[in-house]
Amino acid sequence: MKVGRRETFNSAHRLFHPDWSDEKNLEVFGKCSNPNYHGHNYVLETWVEGPIDPVTGFVIDLKLLKNLIRTEVTDKFDHRNLNLDIDEFKDLNPTAENIAKVAWELISVKLPTQMKLTVRLWETENNIVEYSGK
Amino acid sequence: MKVGRRETFNSAHRLFHPDWSDEKNLEVFGKCSNPNYHGHNYVLETWVEGPIDPVTGFVIDLKLLKNLIRTEVTDKFDHRNLNLDIDEFKDLNPTAENIAKVAWELISVKLPTQMKLTVRLWETENNIVEYSGK
Amino acid sequence: MKVGRRETFNSAHRLFHPDWSDEKNLEVFGKCSNPNYHGHNYVLETWVEGPIDPVTGFVIDLKLLKNLIRTEVTDKFDHRNLNLDIDEFKDLNPTAENIAKVAWELISVKLPTQMKLTVRLWETENNIVEYSGK
Amino acid sequence: MKVGRRETFNSAHRLFHPDWSDEKNLEVFGKCSNPNYHGHNYVLETWVEGPIDPVTGFVIDLKLLKNLIRTEVTDKFDHRNLNLDIDEFKDLNPTAENIAKVAWELISVKLPTQMKLTVRLWETENNIVEYSGK
Amino acid sequence: MKVGRRETFNSAHRLFHPDWSDEKNLEVFGKCSNPNYHGHNYVLETWVEGPIDPVTGFVIDLKLLKNLIRTEVTDKFDHRNLNLDIDEFKDLNPTAENIAKVAWELISVKLPTQMKLTVRLWETENNIVEYSGK
Amino acid sequence: MKVGRRETFNSAHRLFHPDWSDEKNLEVFGKCSNPNYHGHNYVLETWVEGPIDPVTGFVIDLKLLKNLIRTEVTDKFDHRNLNLDIDEFKDLNPTAENIAKVAWELISVKLPTQMKLTVRLWETENNIVEYSGK
């Protein structure tokens, strides 16, 4: 049984490689490399897999999962600049892939070890990534 | 090839454990344990996996799948109180997990045995569960 | 300039007229008159019309509007039985029309008088009502 | 007859008043005043009202309206920092209200004068503004 | 008080003027003039305005409105070719504007005369029209 | 890590078997066999699975994936009649299943061989298919 919770956060970011020239960054990352940043309403769907607890009927209490997602990820990232304000992206390009990987790592260490975690991140309504760990 | 069909039903329910006090139920299930019930617009996405029939181009005729979902699940649950009106929840807490499991069991027994079934249930736009059987 | 805020609440209700027989209620209200209630994920869009404040650039601070909607309506109605738990529906049939009217009345008395209020309520994704006062 | 076209753009912004201290800006604008910016996936719905042309059956060719919206607004704002990169917000707080007003002004001057214009802007799925001119 | 109902239909159509050459039709209507037709999932939102009936709490019974929309419009248009199968478009270009106008006319004649009707039609998620009668 | 891109196309089609009578086609395919065609707004979600490139932070540049989907599938199918205008469906019934299979084949041959491809196709908001190859 899998249980999913949808949360959102609104952040600024830019994509670039610090060793590359502006021209090279523009060539590879296009308008996403605009030096003054742009931003997104990110949607983060967090899925946990495990057995149903026969007493509660829950895999995990969704209030707990909601609070965990907010504490570990969305409250930290929301209304922030991912490149400048978030430690994890100081040396890591905040692509949707890397944001999903960081979110997965921040949440998975707080979950009971037997629970399998998958995160799905919408950067726009057309661009989506999904990560389930190594 | 997987084929999915989306149906909806609107039901009242409450979460509680019959052996627990009101205080304990409130502590575990929060506002979901309100004794006078609350309700949801449930969305049920039912997925069937199998080969494409070379004559029709169908895995399963979606009209048949639609009718099966409605007859076995959504016509029974729609505009009902899950706790009081539905036999399956007389002794089973109607969490999203248990509703998905019951829906899976009601539909899977009516499908050809070689077809793999997955159900995905949205309780709200933010709370989702998915079940594929044992 | 109009400003809108979307909030949600999940409630149980039933439609019926207390002076009518069960048969008459079933005839008029159909499955919505089920005596054990059913429920919905209601979506409430609240619109306020007024001039832009030249200092803040706001018509109304959406944090204030959000808090007002939650305090006056959605925190009261959420995870409740509208017929049994909410005073306004003790003697008023909780149709979508009447819920929208009650929400409009609860919110409008708390707004500055020069601001025009409209509420739009989705009972399901297919059934919607809109009310702007008499 | 009204005709609407939906377009999107993704931008960074921050809300603040240049004459106010950081503390005052934080008090009024909350997390929206974060100095390093945040961002949104804006949705811009542009509505034009006029008679149906009896020859084409169009109020306005939606390809023309689409191109007008993109040339005048969304191509300029997309993947930009509204505060730093867009002239109109050099001295104007980029609230949803002011973005809608600017979009309305940029588009309306390019439309035939007899056509009435309304713009509706979603900053998030919960925060919306609508502007129809003076 | 306004009450809205959302229904859908899936139809083929093409846009063209019978007196024009293929080249002229292609110039004006672009790919929408493809001689072999294309198609859409149309969404029709039908709004009725009137007072709340104090006995039922309804403006109009949504079951009646749903049946009226289906009988007069969506059952006729669904899984049809608008140009070839629907009388109203034999000599009328089936633009979104004209489809909305025809739907309005078919529904409004069946409504009580004191009720004001508005129809909103989505041809795609980005292209919308709205019509409230002359 | 999986990366998904959503694109749309609007096409006419009909379902039928060329060796069957009209009556038999109507019996099996219902209103989908209307000889004059009907149509849909198809939504195609294309997912690619592979490792994150440590230099760019991408699994695949979504601009490349978007262009690949458009060149190979959606630009070809959009505003076309699938039965009459698209070679792949000259002798293949354009069910959602077969459209997904054809889209998978057209896109997968253009991807690096180590990348796993899945396509998900919505024919309507309620009917969905998913295909991952053999």
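Some points to look at:
The first chain written gets the first letter, and so on, giving A, B, C, D, E and F; residue counts start at 1 in each chain.
What we mean here is this: a residue touches a chain if its C-beta (ideal position, glycine included) is under 8 Å from a C-beta of that chain, and two chains touch if they have at least 3 such contacts.
Remember, it's a predicted structure, so these values are computed and weren't measured experimentally.
Number of steps on the shortest path from chain A to chain F, with steps defined by chain touch: 1.
With steps allowed only between chains in touch, the distance from chain A over to chain D comes to 1. Chain centres here are Cα means. That of chain D falls 34 Å from that of chain F. The mean-CA centres of chain A and chain B are about 29 angstrom from one another, to the nearest whole unit. Centre-to-centre spacing of chain B and chain D amounts to 41 Å, using the average Cα coordinate of each chain.
Shown for chain B are the residues that touch two or more other chains, namely 125.
By the document's touch criterion, interfaces exist between A-B, A-D, A-F, B-C, B-F, C-D, C-E, D-E, E-F. Note for the complex: chain E touches chain D at residues 15, 17, 28-30, 92-98, 100-101, 125-131.
Touching chain C in their complex are the following residues of chain E: 1-7, 45, 47, 52, 55-59, 61-63, 66. On the chain E side of its complex with chain F, the touching residues are 8, 10-13, 31-32, 34, 36-41, 78-81, 84-85, 124-125.
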